[in-house]
């Protein structure tokens, strides 16, 4: 860690800080320059959080040398992690397609979609039982009943299932019945929920927050690993910017950026990540091309009558077309469908 | 609501939509133009959510005419709402100063700060017991013990107290011991938590999410009122943008924008809203000048040794200076301290 | 165009507006609702700009029905435009690779790079003579001398050349010696420069501004076509957001979004669009996968000694590797190299 | 400057960099840590730009210690600069109000507005002759004729006048007839235009770009001072964010942030900075409260018939009301009208 002192910092301020750095077991460094005095602290700088350097009135800026995360980093674990969701491995050589409706509406409709996406090449069934929303007037999902429908449909079609939990209570129910739990974008920093998810031992799909940096996504994952659960899959699902042509801007650069720095698998959600049906297929292909380990796709039998997410859902035929165009791209980058 | 059809929409698509609009009890309108057919639906368009117009393959765009919120709007209730936190009214003519530490550390220190801010003119004591954070390595607060310290200090100094709850379980504890509960920026759309807060009947300080639009803040408040609790105070606390000179960009335009459209009181948090000590006082003055109903200020006896928020906390002397410069501005806009 | 009146608008305000809409040759519509009066204007609404509806004190909001651009739209010209840069066509079935250094440094080095990129499959040579920059202390380019080097190197290698002009004076020089002129991100709304570029008749690579919406990019292109030059290629080159892991966030969703709405070709610049060497190749592949008509790639013989852009430049070997991985993706989407 | 090497950097890489740092006349430092080797370079690090450290394949990150600007900084010149526009000083104790129409339309109307704003307390007349715009269908201003009208009206009313130039040619005309030239937000990084403005010796109002950081604004100003013209006034005029309730988000935190770091005066433009009439007055008051040296206000005799900017313009009566509420706030912070 590098600590730049203010021009008016007295020599004692530097001496005191150096002493405290040494107390913490790090190697202190004193670099008096012509315009500023700079201090250094070499070693595991995460212990310096307790020194509250930013609060010191003589400190102008603090520049970390190491990434703020450790357990999720490739430096610690160079090889790709593979996270199993039921019998499907996410990460490694295979490219996984997780598909299903934004909101589960009824058993017949979900079964129809499950069969359709399975036969087209999807390996995991997704569907919302508990729904996050921004308006009290939007559909909140079927809840526990939806979860049961999802679990039964998964068994009937032989597909592992994943779904979101919004609270600690819901999480318990989800973990009991699904093969992986989704922590949604709006809950990426909901630490009570993260803690419960970590303690459950379940596989976790952790979605990037709408205004979260990639580093913050990695820090949220770090928390999960730190609490003892390394079955974590990261999901890029679009961020919020000034652009108004779509509800979110899918940040595909996050994929190669994370793959360099972390051993965790990375999925892309081009459906929520763009919010517009016409953009889903091209962005799914782009995700495959830039190194994602899979995609999450909203599929609904008849999107115009969907109770939620209809603007971004593909119907069964559009999903089959997407899969036909996706496979050659997956192969072009040397991978194959999970 | 205005519905623009795609150029290739057949006449039956328009006819079918018009029939469905009429079924919902709204007045349908047909406007065939030279380049597009436009449909209208006049009446309470919130019921049209069920028509899922955005999902219709023949619909190019949907333009609402009315705001998506109703209960929080000035159209429904033209006069300013005043929300009581203990004996202090937030909203109306008075300007309220809520002050205290980001994180409660121990009873002696909190009492010292409480006395200092009270004698300088603050009317409500704030302090964090359960802390939201983005890194597993940051301080998570004293929890229930901190809450007890806060409650005792409030009684001892005769100040109402407010503090944040991060989960439904914490919310119950907070509501039992504090005069108002804070829903933090990261939980603005945590609907299970909002529901519990609404049902508690407690006064709620609802903070704007880091990437929430003002309309989304008003929708989250709408949810609270819709669930039966109108003791809601909105808090502008900075948003996330491309600018890196501070952790957040305080959006003061939100204040007059909301005051025009909603009867709810609006506070400004220039401490979390800028994250930099040097910006707190000027932004507090600006908040008062543009019509805010009060400010939340981080105060700590010795910021360099604060366990959290030290970079933005004012010490007791700096808080007194702030209050001395704030009072003339509050008076210049025709108000007085609560 | 839909005009929503304020709740307190008197009937005469509506009558007056309807009369003015009719005067302009549009069909006026009157839709009195329970909460708001809504007016409509059907026809070519672009002429309504003169009515300054947003300024009317009784108007709450104005909602256009048609896109604000026309000449660049697919509705006007459904088939893909192909813009010739020398003998290379941009747009249509072929995928073009434009490669070369951010800043031209000397003739030997540029020739070396030109040979290297040509033999690896690039079809157009790019290189900066006049450089845009944000600090007075950064390299401003070789200027006219660089332009001459570029022109000679293009002739020597048989490659068309493109380079940026920052002012009307530079534009004249560039048009005289290069096969296409680049209008950089910082000049997307520099109308005097756009006007000069349009009048020159040269092929134009128009880059999206750092905080420009896609609609604004299309409007800037509309201006060029409106001034009589339809040899316009759009370039997505990253936008500015809250994310700090790279200097820009490449917005690939812009590619399919534009391809749907406009007949103009779209290139992607993953070098400037990410600013980080490690992200260039994955994003180039993603660009090809989602439908771009080509890519612009920074290439330099020895990036560590580049006078500008070194952090994002590929060396010759890395560029060859990129081309080897790019070709299968280009083929997977049914295209081939230009 | 601090240089963090990658984990795989060989010892020679460090040695070579240290040698080059020493060659440049800076003091090199070697700090081998357990996880990374860190190098330091103490002295005027601006000369290190030539080392292109970011491009070095063994360099992980480069962290500057000093601000990238120097001439504009308070460290170099601690006292406030005052820039004279005609007989009016901008900066120092006085608070200046610059008012007038977005676009000059005709002489009678401008004279009427000039008289109105002068008698209400404005000291400088502003008005657009050459207009920046984003659509080819928007009004481009009266050009040279508008400039003549502005100059005559300034003389007739005894007010100094300021107006924008969009190109080098326009700049010459503006400098000849106006008391200060405005460099608009879209031209903040138009270096040919900045160079011409610097060389003219005229007073310059430099507006912050829509997506420019405060540091970039200071760097653009640095360029002007570096070219020999220190008559520079900075203008905060709103930035582009995800928020859609107004065309721009006024960033008032920029004011105290800049005042701390730079000796240059800072104005705020709440008209363009919000784009909504209802927000202009509250934000003007807030600007005064947080330390701005003045404001720029759009004023038009009849905003609903304004050819441009009507949505944000105040009419004469609204401007008088604004001035009446502004004066007490200006006095509350210990200043008086210029």
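Per-chain residue numbering starts at 1, and chain names A, B, C and D are given in the order in which the chains are listed.
Here is the rule we use: contacts are C-beta pairs under 8 Å (C-beta built on N, C-alpha and C of every residue); 3 or more make two chains touch, one makes a residue touch a chain.
Here the structure is a predicted model, which means the values were calculated and not measured.
Path length between chain A and chain C in the touching-chain graph (shortest route): 1.
Among the remaining chains, the Cα-based centre furthest from that of chain D is the centre of A. Interface comparison, A-D against A-B: more C-beta pairs in contact at A-B. One inter-chain figure worth recording: chain A and chain D are separated by 39 Å, centre to centre, where each centre is the mean of the chain's CA atoms.
The mean-CA centres of chain A and chain B are about 27 angstrom from one another, to the nearest whole unit. In chain D, the residues that touch at least two other chains are 211, 240-242, 244. Chain A meets chain B in the complex at residues 46, 49, 52, 54-57, 68, 132-138, 140, 166-170, 186-187, 189-193, 210-211, 216, 219-220, 222-223, 226-227, 240, 303-307, 310-311, 313.
Note for the complex: chain B touches chain D at residues 211, 213-215, 239, 241-246, 249-257, 260, 274, 276, 278-279, 282-283, 285-291, 325, 328-329, 331-333. Residues 2, 4, 7, 27, 29, 31-36, 38, 40, 42-44, 63, 65-66, 75, 211, 240-242, 244 of chain D are the ones that touch chain A when the two sit in their complex.
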